[in-house]
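Letters are used for the chains, namely A, B, C, D and E, taken in the order the chains are written, and counting of residues starts over at 1 for each.
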């Protein structure tokens, strides 16, 4: 019983001097995995205005609007649930998922992506990126 | 009397800057989960992303909190409590809407019991889209709020 | 008759009251301990804790300052059906009472006789005990005045716990007094100049450490503040500045308690003289050893929050009445039988 | 002292989306009445309006809190049974891998909540840290952290990417080693044991009578697991055991979850070892033939039942879910009678109720 | 050697020859029994006591608006026998009342309460039929009935929100 009371004390002390898990995020970034679904991106030239994406979207995030004499979807990031159904159903491969993580806005309007903004790729990440791997056998903790 | 002195003190630019700095770097958040972004709330507070680095700390009593994360959809039953919780918080207070459900109702656009966007009941400061947003996005939301506070003028 | 003080005595008094054991020291202690607690617990949890606040974007040292600045800006809400006078007065009384006990603790000997303390009295141990006894009444008063259910529950729990743990504290002090034959804290320290009481009375030390942790409502015993059960206990309804005062008063208490245990069991300022500090003033050397011992005790008390779950109120009271009090009594008996051999070895008295 | 009505939640550090109405006498809780519905979205109604494919993200969010794959499998099982669709072998294995990874993540989450309920914040962080590693794996497999929408009608969305196997095995080894620390810190911690042992004892007969499912039922000593009783997917090919508890108290409920994590690691190793090559998806028609079906799967929190009435169109006529937490809910008022106030969070968390799951 | 499923069907048919409308084996581990609504309590008791169906799985209702009927289905699992029985009965839509089975399977308490709330089926003998999931001030019809319709377009007032943000 006494051992069970005292043991956590030493485990706690031992962990206090281990390497931490924390990634100092805005300064050091984790690399998202290849498949990560951040948001949808449109390739306007490929779009054939077939409306299959707006029909299948379960949350009405896509809406057809007129853009340069062509009907193309407009994207509402404030409605999209990233379920990938539209990308799968698109017959001309015009939609794709991109690795954008940070696209918060101060206003609701900023989350609506008109076709020209919808078709722009995300900004490339400039900060140091790293991948998570199991390391540090000696200290027994993961993350890098 | 005291308030008057406080107000005149706050008119000094440097002091206002210092006070804004204090507000921005000590945003304590409420323990109030409304929807299913809850596990990410845990993840952003825990070791890998650790928002305590920015002074954002989940705090048990809402009498001390400055920040509500609206984590996910808000049902009509919850909306009343959310509003009540918001009213119980002392000024200054901020709201971050997390996830598409709390921004616009999202997946539940035709549901009979979900509020279509939390901005219909509370004033939202930052919208963080995603389903659920990654902890990185939460951190961006917090940092955007900090920038907003730093630019803020006199409050109260 | 008012004693006439010389200039150097006035300077000394101002130093004492405002800087070292007086006003600035507990505030600085509270700030550093809040910062250290958050950092250290974060390290146990394998994360970093406050980091980007403060100098160099690397330390988070200014986190308590940011928190304090924020808290004093917050609106003060007084619940409608609260008993307003007591409700508003409680945090102020709590912080005053908590900082009072520091005045009676000797921190270092002065080279020309006397001690570095604000107010010298031969009954300082009793005074401090009396101050500690006042705390539960503030808590109960504040909880009752808030007129909220969670506050009331927290206040009841605080009263039960604090009153139950007064007894083992008092009992373990008995054996100290038997050994040192005085109520004067300074004399008690001097008695330990050759051998510390922690070696002579280990059981008493354990009892008083556990009981003081309970008295301070630190983690395994933080039942009055249990956030999973009663939100935040008796200070639940406090906002802004009042809450800041409540929090600070808790750390003042921590400061007083660690000082007291250092004085009673760890030999106070006694330790080998540090050459550099000794050159400036021998007081500094004593203070250094005192603060070091306080720091170790603080770490031990803080650690509890990172490693133990909270006890239940009935288990806590059980432990108090059936484990700590018998242990303290055993310590008294042992002391009574062995005191005759040890007392000649003790210094001072 | 007279009886006091105490309302706990929904803004309360432990209750999540619940509200409890407690009758408190001093520090003793005489009666607890759960007030649920704070997360009710009407998924069953919405599902009648959407097509079977559009329902996928909807169904998943019934329990997107931790266990979305386990939740979805039941729905897919039901549709595939109605269609008479045989899923490719590789897809079955991938589903099992995703479901078991999800189960580990969910149980780690449960463990961390449990330690919060007793006030040990360190063990809140550690399992979440290691859960991050599992979420990384899942993200590598499915492309999302929490809501994967990974299995689909007729198979799964994505194949295993390169290097997934090695990565997964490495992390599982790490997790297995790491569990020791959990035992030392939490389960063998004397302070924790006196808090959790003999609290909220659920006898096996009561557990069956009340219809408790999942790890809670197994902690009471009843050997019932859908993976063994009615093997779905390819669970009949793996060699694993069902851990059961002895007393049925809160401590056992946690210990069973920890042992289940070990069994999941065991299953994952076997699945990763003998996963066959082949296609991962079969084309499925959008229209489901007329019929009725009831399927059960073992999600992380217990047995998840789906009752689907199809009327031969693209949309289900009626979709009834019987989620595990809703069925475990009845144990909460049953166990919280005449207990100290401090035990209420422990009992509540030990049942591992997730409000999303209860309310749908 | 007859399987467990067939045994269940046979014994229920011999015990209640007149009240059983239909009893059949759906597939492995699944048995479906339709009974007349006034006899459901007795059949339930028989299933629990004699055949070991002790673990209530779900209670669900289905709204057949074309035939003006509700169907109530009790799905019960036998832990030892490893069979799931769907005990189903039909009640008229304009007067939906049924005898409560919580005396038979105590676990049905919340299930029946939910079914009452969602369909308006009244369970006689249920101690607490009050709103469970819906908001307290709910005043529409029970939502899972087919005549409760949902909107076809998003209810979000997007233009208003954007105007509000632009006006600031």
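Everything below uses one rule, namely that a residue touches a chain if its C-beta (ideal position, glycine included) is under 8 Å from a C-beta of that chain, and two chains touch if they have at least 3 such contacts.
Because the structure is a prediction, the values reported are computed rather than measured.
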item: Components of the interchain contact network lacking chain D; value: one piece
item: Chains in simultaneous contact with chain B and chain C; value: A, D
item: Pair with more cross-chain C-beta pairs in contact, given A-D and A-E; value: A-D
item: Farthest chain (mean CA position) relative to chain C; value: E
item: Intercentroid distance (Cα basis), chain E paired with chain C, Å; value: 62
item: Chain B and chain D, separation of their C-alpha mean positions in angstrom; value: 29
item: Centroid spacing, where centroids are CA-atom means, of chain C and chain D in whole angstrom; value: 45
item: Distance from chain E to chain D - Cα centre to Cα centre, in angstrom; value: 23
item: Residues of chain E whose C-beta touches two or more other chains; value: 134-135, 143, 148, 150, 154, 158, 161
item: Touching two or more other chains - residues of chain D; value: 12-13, 37, 40, 42, 45-46, 49, 57-58, 122, 124-125, 129, 132, 147, 185, 189, 191
item: Multi-partner residues of chain A (at least 2 other chains); value: 8, 11-12, 15, 20-22, 24, 58-60, 79, 81-82, 107-108, 143
item: Pairwise chain contacts, counting only pairs that touch as defined; value: A-B, A-C, A-D, A-E, B-C, B-D, B-E, C-D, D-E
item: Residues on chain D engaged by chain C in the complex (per definition of touch); value: 4, 6, 12-14, 24, 26-27, 115-122, 124-126, 129, 185, 189, 191-192, 194-195, 340-345
item: Chain A-facing residues of chain C, complex; value: 40, 42-48, 51, 303, 306-308
item: Of all residues in chain D, those that touch chain E in their complex; value: 36-37, 40, 42, 44-46, 49, 208-212, 222, 224, 229-230, 294, 296, 303, 305, 307, 309, 317-318, 320, 322, 326-327, 329-330, 359-360
item: Partner chain B, residues of chain C touching it in the complex; value: 38, 42, 45-53, 60, 62-63, 65-71, 73-77, 227, 231-232, 235-240, 243
item: Chain D residues touching chain B - in the complex, by the definition given at the top; value: 10-13, 16-17, 37-42, 45-46, 49, 57-58, 61, 64-66, 109, 112, 124-125, 128-129, 131-132, 135, 145-147, 356
